[in-house]
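Consider the two complexes below, in which subunit A is the common component and subunit B and subunit C are the respective partners.
== the complex of A and B ==
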């Protein structure tokens, strides 16, 4: 008699999917589709003369030669340098002043109120924020500035770069303000009290204790803002659109216009490519200065 | 020497007291003055939406409801009419909610894995997230345009000129940072709670859904609010990837209106804009304290 077969459950197929894969799959998919693939595509596109017909026609380094011979480029680069430096100065300087004033000099609830006011432009959708400025700078007597000075100045036409700097500075200052304010709050009270006992004035405390302790946040804000100022153009597009005659056109906006106003996707990609390389170099320097751990701590909170 | 030291304890003269009192007010004055331009802008927005004539920018002269006419009739420009505001609001809502749902779902899943599981490459993914957060996604606009164009051609599903196609792009840009935030929230839930779920027989997904998710509510609320607002206020991606008027969101509608009414009807522009930013303002007022920590990347700084 045959021995009775014991029924056994079939063993599972030995291929085991690690448990974290299903959790990370959607994340990996989207990041690949909209970060990694575009990076590769951008590199490839920069070697083509793709236009509205969307044909892949490789032309080698033609776009890069064009970039270095483009007569608008020197102007655009100069604008970019002026715009980034000046806006950075406002963002960091004003941010520091606001951070110190609203955290050290006034009680917490008052400081909170002013920080909330300064956060308003950041929270407001860009279109509405731009509209507010278009009204302030309106060339007729209805504009706020013209109303105040009593004459009709066409601000966006006469001082386009200045306008762009102020408009971005008013949004950007809140970034530094929040970070500096948080950093000041984390300074142990003992330091400040000890200084007060020794008879230090408020100004001395700010100058000798607070600002030296803000060294890391200062460097962080500076490098982070440099990167984002180099590459963002939303407010410029809305307020002056680079005009008049490229007077407020910055690098990233020029790439945008080339691609989406003139439908020169290949050349636009090349302009963006050089910008990305510059941005990466800036980031590298930033990482070098910080060390990665430090940056992760600062950027992630954690 | 001795006498000098003693003098410090003598009550300060009236003049010194006044100076000191006044100098204590200086920071307030500086803060108030610097905030004045911002406040006046928003005040103007409110006032000019309510009146047909505004004196000195802020004093409404004649109250009128005409600026709000867009609520019950289409905005006419010559013979042609703009997209109805309600349709644009609906589009904005669809866009913002899709961004929010995608972000919350994907970021929560990823955040769970990053916080709770040990696997090779975990540390590198964390680094990658920071790099992606810092990377200016806006420079990739041209290439993303091609990705959407390619997907549309390959699948015959509309990715370009479709709200959810752009929502997918927008969500992907928000996801790295949201995953980081939500990972922090996972880190704060004690391991023991999760262990007890496994002991009671839950598998990973059940533990996630039944035990951890309820404790995660504040974190999910934070990234939902934030990604919703990011979607609600979005301009540049929509402006670039949406072509047809039927798909216009409020931001695109306002951009079109600015082009036409800038010099003729600020009242209308102000009213539509106010209508547009009301949800933002409401969220801002209620969550302002939390947002201040979250807006700039949850930075605690100075440690």
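== the complex of A and C ==
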């Protein structure tokens, strides 16, 4: 009897690709291409004196030395601190007030309409939003604000930093408003009702129940907005362009102007690099203060 | 509007080009104020001439010109666009720019020297008839990188109607340019008259100047006897005495209440509107504005200005001398065509731009845009042009800005310093110290500090 041939399955060498890798690959590719490569390029660029000619001349730390001796830098840093602090106060403070007002104090549908109106500037293209402000602030008698107060004030020249703070604050507050109102809605009504039964006033409910329960959203909005204010400049560019004479120039805009208006790409990259380092440090400090680790523990299964 | 016209012309040229056996596409970018579109249109017309020439030479070659015209207000942004287009391999063959940008463009290796073509076509295109200083303005490090397109003068315009209201007689008004020429009417006198007009409520402001970086700011340095470039080494010069006087002059304009502190934040449109409506007495303008006011509706009631209205109400003079008996100045800013490194056939590109210097095309551009001719022999139309004849004498007092690879750094910094002084952010002395610090750091060996 012919022995029955036993087909032995050749043992395949298993290529063990963890199942999540194929899912991650496209994103890893995109992140590498659009985030990692530009970061590396920027780091390299900051060591060159590249200008309009676009030559990769490596000059060591020259750009960084120049950063610390640039006479405009102290002014720009001070502007940045004032701008970020004041705008953040408006963004978080006004956002909180709007969030509480539109969810706790007024009926649901009125609150919805109110929030939709506040969201309009966020849905408007920045150029249109900035243009509207320029019309409001026009220095002639045709400016809306000047018409209202009955005299000609050149707002963007006399109060450039104030103007950019308000312009950014108004558009930024809607972000906090949305996050806070969603968080307030998720507070169980029982707490509020129980407090009302105990005779708590509205103010006491806000102070003792709502705000303490908004701790994590507050942390999130504050750190998120700090970072985005440090690095964004489009409204300032459109409304005052940093002027007059650097009075409303902030750090990120100075990097932009240096690189793209003055065509000093190397120095511009170095200014941006220092900003990145500062932003990282600020974020770490904030996460430490707010106890970010505890938040993650709670979410993870605590 | 212009874009549509250009688009239509491109379509028309493409239609014609289809008929020719072999076609060469020559691309170009040109720019300027709204009335300078002839910088593009003349290239199309020259394309026709070039085709005829090639026909006569027996080369059956169609010339298809594609030119993009941009009304530029921000030159830094426009240059960046050109730079990026070049990087992407999409630069045009021909680029029209201010002559002072040659240094920067040549240094970055974006444009090619044209000396051999100048030599080859000198007689054929009668290039000896061009004003030689204009060709000189195309020179960088001993080589010719550009071909003159136009030139102009920058006069100070004054409102005759306002001077009449101030009690000046017709003779006094007509004699003003002459007094400036002799150095009898100085910058101080100009401020005094402007102040009087403001105080009497005849105008809102006495003196306006341009709101963006431009040659004007250096012209004032030169009016105070300063220099911008060392003639021997070609290095840029920070003439501290003259620049300080320039800064003090602008601080004084604001302090005397004749110029708004926010001058540099005023839009071009509202400046032109104020000038044509007589709300400002003196305007540091350019000859091309004469044409611009006739073609762009700045006046609230009249819209575009009829030329008779201009002759009736607007006068023009050189920039007054800084001191009695001193020399008045003006500035020319020759515009040039350059040929980029990405031009596939540089010789054809050169021939095309050289043909735009034909008298009929030169006249067409000059009359249409308020610029002056680049050549000595001109058409009858040009020689009988009243405004052109009235301002040509200014070329004897003209100055130019330097051709230097780092010019734009210097250019921008001086503007920033003047803005700082006018808006009160710095005193003239502080602004000068800032300027010196900035320029010595950024330009290093390429800067000579004088005084």
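Convention: the second predicted complex is superposed on the first by the 259 of 302 C-alpha atoms of A that agree within 3 Å, B and C clash if a C-alpha of one lies under 4 Å from a C-alpha of the other, contacts with A are read in each partner's own complex, and residues count from 1 in each chain.
The rule we apply is simple: contacts are C-beta pairs under 8 Å (C-beta built on N, C-alpha and C of every residue); 3 or more make two chains touch, one makes a residue touch a chain.
Please read all numbers here as calculations on a predicted model, not as lab measurements.
Colleague: Going by the contact rule set out at the top, does A:54 touch subunit B (first), subunit C (second), both, or neither?
Modeller: A:54: touches subunit B and subunit C.
Colleague: Have a look at where A:244 lands relative to subunit B and subunit C in the superposition and call it first, second, both or neither.
Modeller: second
Colleague: In the three-chain superposition, say which chain, subunit B or subunit C, touches more residues of subunit A.
Modeller: B
Colleague: Figure out whether A:82 sits in contact with subunit B (first) or subunit C (second), or with both, or with neither.
Modeller: neither
Colleague: Between subunit B (first) and subunit C (second), which, if any, makes contact with A:252: first, second, both or neither?
Modeller: It touches subunit B, and subunit C stays clear.
Colleague: Which of the two partners, first being subunit B and second being subunit C, lies in contact with A:154: first, second, both, or neither?
Modeller: Touch status of A:154: second partner only.
Colleague: For A:278, using the defined touch cut-off, is the partner it touches subunit B, subunit C, both, or neither? Pick first, second, both or neither.
Modeller: Once the two structures are laid over each other on A, A:278 reaches no partner at all.
Colleague: Quick one: is A:262 in contact with subunit B, with subunit C, with both, or with neither? Answer first, second, both or neither.
Modeller: second
Colleague: In the superposed arrangement, which partner chain does A:205 touch: subunit B (first), subunit C (second), both, or neither?
Modeller: After superposing on A, A:205 lies clear of both subunit B and subunit C.
Colleague: Should A:73 be classified as contacting the first partner (subunit B), the second (subunit C), both, or neither?
Modeller: Neither partner.
Colleague: I'd like to check the shared interface: which positions of subunit A are touched by both subunit B and subunit C across the two complexes?
Modeller: 54, 140, 260
Colleague: Using the touch definition from the top, list the residues of subunit C that touch subunit A in their complex.
Modeller: On the subunit C side, the touching residues are 76-77, 79-80, 83, 87, 104, 107-109, 260-262, 264-265, 270, 405, 408-409, 412, 416, 419-420, 423, 425-426, 434, 437-438, 441-442.
Colleague: What part of subunit A is in contact with subunit C in the complex they form?
Modeller: The touching residues are 52-54, 66, 69-71, 139-140, 154, 156-157, 243-247, 260-264.
Colleague: Could you please specify the touching residues of subunit A with respect to subunit B in the complex?
Modeller: Against subunit B, the touching part of subunit A is residues 18-20, 22-24, 26-27, 30-31, 33-35, 37-39, 41-42, 45, 54, 94, 97-98, 101-102, 105-106, 110, 112, 114-128, 130-136, 138, 140, 142, 144, 147, 170, 175, 178-180, 182-184, 186-187, 213-214, 216-217, 220, 224, 227-228, 230-234, 237-238, 252, 255-256, 259-260, 265, 268-269, 272, 275-276, 279, 283, 292, 295-302.
Colleague: Quick check: in the complex, which residue numbers of subunit B touch subunit A?
Modeller: 27-28, 30-31, 34-35, 37-42, 44-45, 56-57, 102, 105-107, 109-110, 112-114, 117, 119, 122, 125-128, 130, 132-147, 149, 168-169, 171-173, 175-176, 179-180, 184, 187, 204, 229, 232-236, 240, 251, 254-255, 258, 262-263, 266, 269-270, 273, 276-277, 280, 284, 288-289, 291-293, 295-303
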